[in-house]
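In the two complexes below, chain A is the common chain; its partner is chain B in one and chain C in the other.
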Partner chain A sequence: MKIKTKEINRKIKVKSTTDNLSRIRDFIHKTGMECKLKKEAIGEIILAVDEACTNVIKHAYHFSPEGEIEINVKCKNNKFSVSITDKGEKFNIKDIKDPDLEEYHKEKRVGGLGIFLMKKLMDEVKYSHLTGNRNRVTLVKYLPN
Partner chain B sequence: MTEFNVQTRSDGSVSILDVKGYLDAHTAPELEDAFNKLIDDGKYKVVVNLKDLNYISSAGLGVFMAYIETMRENGGDIKFSNLKKEVYNIFDLLGFPMLYEFYNDENEAIKKFNEQ
Partner chain C sequence: MKFKVSEKYGAVIFSIKGKLLGGSETNDFNETIRKYLKEGKKNIVVDLSGVSYVNSTGMGMLIRNYTTVANEGGKLKLAEINERMRGLLSITKLNQIFEIYDSVDEAVGSFRQTAEA
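Let's turn to the complex of A and B:
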């Protein structure tokens, strides 16, 4: 008989300040442990979520500390999904191309590497615009059985 | 509060930065301050010892990218040493080993500067 794992849902809401990044990382770590994820997978998800939230703080809220970031984690069977929702400026991932890393370093460009890392570390990165002027990035990792 | 610390020491003409803890968008400005101080003092040969660095995000990696040119233009460089495997993996994902030198031990990096 196939054992069905219980679905785990966890939520955290924080203000858009960089000092909350450590709190967000702790939250992901705790939830990942609860879902019995491997240490390596937890580390990759933590970094991807940190990058997504840093982008929200920088680009959606332009470092205004009054914005809100809501993070929802859903873990069921072999799928770990994190959605990050903000009410800041709309962001279009289609405008962002994968960087040619060698050129990137040579051109001395700084920043913009966050999305590249998110795509490398996660199986799915999806941006959506919701009602009420909300933006959402959803990060998904499929876990081996 | 994010656990982070950066300290500077010297070995002859080489400066060593000990970067500890969690390097993210919140703590990256402290590392920038350390690099600005080195530039103010005319010190361009830098070994970044990451023995006690537990975590790095692109905000931290961006600091090294922002200063490397200045160091090299002035006859110096930024060389990395003593990275934990998981931290090195992030540098590797972003192509750092193509353009930066990495050493297992701080003394090897210092020696490399002294040979030049």
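Let's turn to the complex of A and C:
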């Protein structure tokens, strides 16, 4: 049976603390359910958004709890799109190479897996710099017909 | 995350429950592993059957402890990981670092086999 995704737009704004990551995960879970996504897809999107927001807290706001993170979710035409906007330090994904997993494992390095996971779990990962010194990362997952 | 510690046939079993997110909440876990290493208990099994969610920081915490144990001449092995986590370990190729067992008993038994060999 074909499951039709429901068209929705949802938004949440939170302060840049790691405590708020659970609120963000719950928001994505609820929105994914509302959009009738499969459990597996919801799990992948939650993890990708968690990694993106963790990067914003760490690298854009340097753990300052006063920053703001705005998350917009759009589900339309079998495309689930999450955009995460911050006003922290500019961060360019192109500057970050995928980790060489062989080297990574040899050195047993910790960290640096977040962006790699985002790219693996989502179909599109786009970074953009907007007016008003805002940064945005957009994560897109295409949903099967 | 919460964890319980038990011992079986010379192995120390850490059973983790909840979300594995790394960060400061894992300090107690890291300290407890170090405490057992100081006592000379170097066969460590991490039972992940109660873990509902893991992110890259949580995986980093497992790698860090793997290294801590290995540097002391021991081994940290994983047991009872769910399908989602198995998938993540495969994507990140961390399944090439960790020995992963279907059950805690199998993980504990693997230390005995190594000792007998």
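We adopt the following convention: the second predicted complex is superposed on the first by the 138 of 145 C-alpha atoms of A that agree within 3 Å, B and C clash if a C-alpha of one lies under 4 Å from a C-alpha of the other, contacts with A are read in each partner's own complex, and residues count from 1 in each chain.
In this text, a residue touches a chain if its C-beta (ideal position, glycine included) is under 8 Å from a C-beta of that chain, and two chains touch if they have at least 3 such contacts.
Note that this is a predicted model, so its numbers are computed, not measured.
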Chain B versus chain C on the shared chain A, clash or fit?
clash
Could you say whether A:Leu117 touches chain B, chain C, both of them, or neither, answering first, second, both or neither?
both
Could you tell me if A:Gly88 is touching chain B, chain C, both of them or neither one (first, second, both, neither)?
neither
Just to be sure I read the superposition right, which of the two partners does A:Gly67 touch: chain B = first, chain C = second, or both, or neither?
neither
Quick one: classify A:Asp50 as touching chain B (first), chain C (second), both or neither.
both
When the two structures are overlaid on chain A, which partner does A:Asp19 contact: first (chain B), second (chain C), both, or neither?
first
Between chain B and chain C, more residues of chain A are touched by B
Give me the intersection of chain A's contacts with chain B and its contacts with chain C, in residue numbers.
18, 21-22, 25, 40, 43, 46-47, 50-51, 54, 101, 105, 108-111, 113-114, 116-117, 120-121
Using the touch definition from the top, list the residues of chain A that touch chain C in their complex.
18, 21-22, 25, 40, 43, 46-47, 50-51, 54, 101, 105, 108-111, 113-114, 116-117, 120-121
If we count contacts the way the header does, which residues on chain B are in touch with chain A in the complex?
1-3, 22, 24-26, 55, 57-59, 61-62, 65-66, 68-69, 86, 90, 93-96, 98-99
Using the touch definition from the top, list the residues of chain A that touch chain B in their complex.
18-19, 21-22, 25, 40, 43, 46-47, 50-51, 54, 57-58, 101-102, 104-106, 108-111, 113-114, 116-117, 120-121
Sites on chain C touched by chain A in the complex
19, 21, 23, 53, 55-57, 59-61, 63-64, 66-67, 70, 84, 88, 91-94, 96-97
